[in-house]
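Next come two complexes, and both contain chain A; in the first it sits with chain B, in the second with chain C.
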Partner chain A sequence: MELIVISSVWCPSCLIMHPRYVELSQKYHLTLTNYDYDTDASIISKYHVGDILPVCIIVKDEEIERIIGEKSMKELNKIIESLM
Partner chain B sequence: MVYLDYSATTPVNKEVLESFDRASLDYIGNPNSLHKLGLDAKKIIDSATKQLKELLHLHNEEIIYTSGASEANNLALKGVCFKYANRGKKIITTELEHSSIYGPLSFLQRHGFTVSFVNLDEKGRVDLKHLESLIDDETLLVTISTVNSETGIVQQVDEIAKLVSKYPKCFFHTDITQAVGKYPLPQNFFEKVDFASFSAHKFYGLKGIGCLIKKESISIEPLIHGGKSTSLYRSGTPTTALIVSVSKALRLALDNIDQKYAYVKQLNTKIKDALSKYADVSINSNEYSIPHIFNLSVLKIKPETMLHALEEDDIYISTQSACSSNNTKSRAVYAVTNNEEASLHSLRISLSYLTTKEEIDTFLASFDKWYHKLNLR
Partner chain C sequence: MNVKAENKVKVYLFYGDGCPHCADEKEFFKDLKEQYDDRVEFIYYEVWKNEENDKLMNLLKQKLDNNEKGVPFTIIGSNSFIGYNTNVHYQIEETIKALLEDDEKNIDVVSEILANKEIDIDQSKLKFEDGTFKIPLLGKIDARKVSLPLISIVIGLVDGFNPCAMWVLLFLLSILIGMQNKKRAFCLGITFLVASASVYLLFMFAWLGIAISMKDVAILRTLVAMVALIGAFINIKAFFTKSADGCTVTDAKKKQKVFEKIKKFTSEKSFILAIIGIITLAVSVNLIELACSAGLPLLFTQILSFNKLSGIEYALYIGLYILFFMLDDIIIFSIAMITMKLTGISNKYTKYSHLIGGIIMLLIGLLLIFKPSILMFNL
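What follows is the complex of A and B.
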């Protein structure tokens, strides 16, 4: 399972969520790929990301879940455990 | 044209432009050159710097000239964090900062620093008790802007500085971009903070110059390494004419500042009285806001729709701060309204002493027209 996180440097929610996604990926041994909303625009266009950041796309062969905005560690753990 | 976006940028003062032109033509030497032309250029820079220091009541502070507030913010944050990383890796900020604060914080986060957000109270000001609980011996930096660019809310810099000073290893940086030249900062303002950043184009100066004010006793890691300049901490040939222009712009901005402030307050009251009457308008600026910034939400009309409608009448306002132009909710507005709708529909009208009462009448008439027209759709 892979986490693809799309965030931006101007977004405080992205600052808040970054360490949580790092922790999540380490805890569950998930591959974490980070993309920047502005500089990686051409790469991320296929994900059709809206205006609220960060977006975490959980991929297992294909997209199986999408987390948008701020979530607590508890909520993130719950989502991942439900997908495992 | 009615320009009501002075917090995004201001038109350059003609006298400032003339100073820039004169300095560009008269002082052609590189201030680092040893010959007379170089020494003349250095002399005029020193004299402009002396004037800036007097205007800002600086005594033990150094002025580092940068390309603008964004560079000054980057220099302060990265400069201090890389220099003193061994002291601690915790940074405290708010959800009300400019993207040129969040950008370096994201960068620092990826280099092992942690970023914590201090809560705001119901008036959009820092919750000092929460700040007290967050700050500890591991905290290296607190960065909180003096005036929020969207709502104009002024933070309690004195109290924050007092808290930070209890931790001698911790530094306090404040972005004063929306404060300088709008109201007189207390004479001892810079004694209380370690770093302050601003840019000249917010007070009728030219774009392309800003300053980082830094306590002389603190050294930082430069962002730009290279040739000699006016500071050890920012290399590059000193921009003589721009430095002269920033000093001139600030002197002119501070001339009669109390009268200018009182006049802008009158304009603000006029707008507030008129817009308070609309059922679907939420006024988001409050008693702690500077009068130059008036933030409102028109709840049933998309902010960009209202912005472009007013533009059809040659009236220019803004949605969130120009540097975070995507269409998400405004955290600053959410902090004071606790209302999702208001935070998604915010507009900023920013005023100047140059704004006329007739321009406000024109704006209010156009606002009324579009409010009814767009609400009927």
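What follows is the complex of A and C.
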């Protein structure tokens, strides 16, 4: 399972979520790739990110879940465990 | 309205023939006449043409130790008012109500003075409820003195708390942190904050100027009340409809342009050009920002204009407002400069600031319409 997180430098919520996704990926040994909403616009266009950031796309061969905006560590753990 | 004693209140008005404020006040007295009919008697003295009345006015001004120049000059009991505006309008209304219900205080001081009897002015002088109350430790607090600073801080905080509106600052900081020349980075950051604060300062002084100059215009007050109620609706609705707690990516193109400018200015060789660039950026970005948050500053300056304050006091309260308006920016900036790391403020709480802001605007809107005198703290 892989986490693809799309965020941007100017978005406070993304700054809050970044360490949480790092911790999450270490805890469940998931690969984590970070893209920037502005600079990597071409790469992430296929994900059709809405207008709320950050967005975390969970991929297991293909996209199985999408987390939008700010979530607490507790909520993140629950989501990942439900997908394991 | 049950009136205890069937006593009568006399209202003396010294006016100038052709004086616009006097005409407004006479118009106001016509409505009062309808409302109170024989319980309130209005006695007029024209002072611009009639020498004797003018002498009488000056004698009374001197006796009632209210020696401000000019007309209209109104006396009710031993309370006297110079000029006519929204404050005076409500003070007259409340004085009449108070004297109707409290006949000890309702002494016809003018006829006493005319019959040159000695009269104790203070005995029947009404002090508008001084609104003091006790707080443990802090002791006696005068609600009037505390409320204005409190309102400046609360509305300033609520108005300013929008983490996503800090996208320019965060982007700028992300670059400043990367710069080798720490001193230069610090100066650019401070320049951005100061320039943004000055834009708000000028904007709010403009609003204040308008509010003061049109103080007696009732339409302005209802207009501002409408803005307050609409703003309240928008803010409260935003609280309930906010989907996920994140930053909404609005008009990416606009952001791209600003990012380009920031990169250009921060990499500017000459320090002066970089500073000027940052200032122009701060001004342009904040002018747009102001357009969408015009609700609360407008209301705040309206409340300020209700209170008789000196220029410095107006500046102090607006300064306090802006200090708390920019508190989140200042915190982020200082953390970034100290730790060389960017910290974000969770956007979870923004919707609560929408709710609180909405409620404050609703309250002010309703007060502006039904009981504006409550917003007049230090008469």
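Going forward, the second predicted complex is superposed on the first by the 84 of 84 C-alpha atoms of A that agree within 3 Å, B and C clash if a C-alpha of one lies under 4 Å from a C-alpha of the other, contacts with A are read in each partner's own complex, and residues count from 1 in each chain.
To be clear about the criterion, a contact is a pair of C-beta atoms (placed from the backbone, for glycine too) under 8 Å apart; a residue touches a chain by one contact, two chains touch by 3 or more.
Just so you know, these numbers come straight off a predicted model, no measurement behind them.
Once the two complexes are overlaid on the shared chain, A:Val9 sits against chain B and chain C alike. Applying the stated contact rule after C-alpha superposition, one finds that A:Pro19 touches chain B and leaves chain C untouched.
In the superposition on chain A, A:Glu70 contacts chain C only, with no contact to chain B. In the superposed model, C is the one of chain B and chain C that contacts more residues of chain A. When both complexes are overlaid on chain A, the residue A:Leu53 reaches chain B and chain C alike.
Contacts of chain A with chain B, set against its contacts with chain C after fitting on chain A, overlap at residues 9-12, 14-16, 51-53. Touching chain A in their complex are the following residues of chain B: 95, 97, 99, 102-103, 105-107, 109-110, 114-115, 117, 323-324, 326-328, 331. Across the interface of their complex, chain C is touched by residues 8-16, 37-38, 51-54, 68-70 of chain A. Interface residues of chain A, counted against chain B in their complex, comprise 7, 9-12, 14-16, 18-19, 51-53.
The touching residues of chain C, counted against chain A in their complex, run 163-164, 166-168, 170-171, 174, 243-250, 252, 255-256, 259, 342-348.
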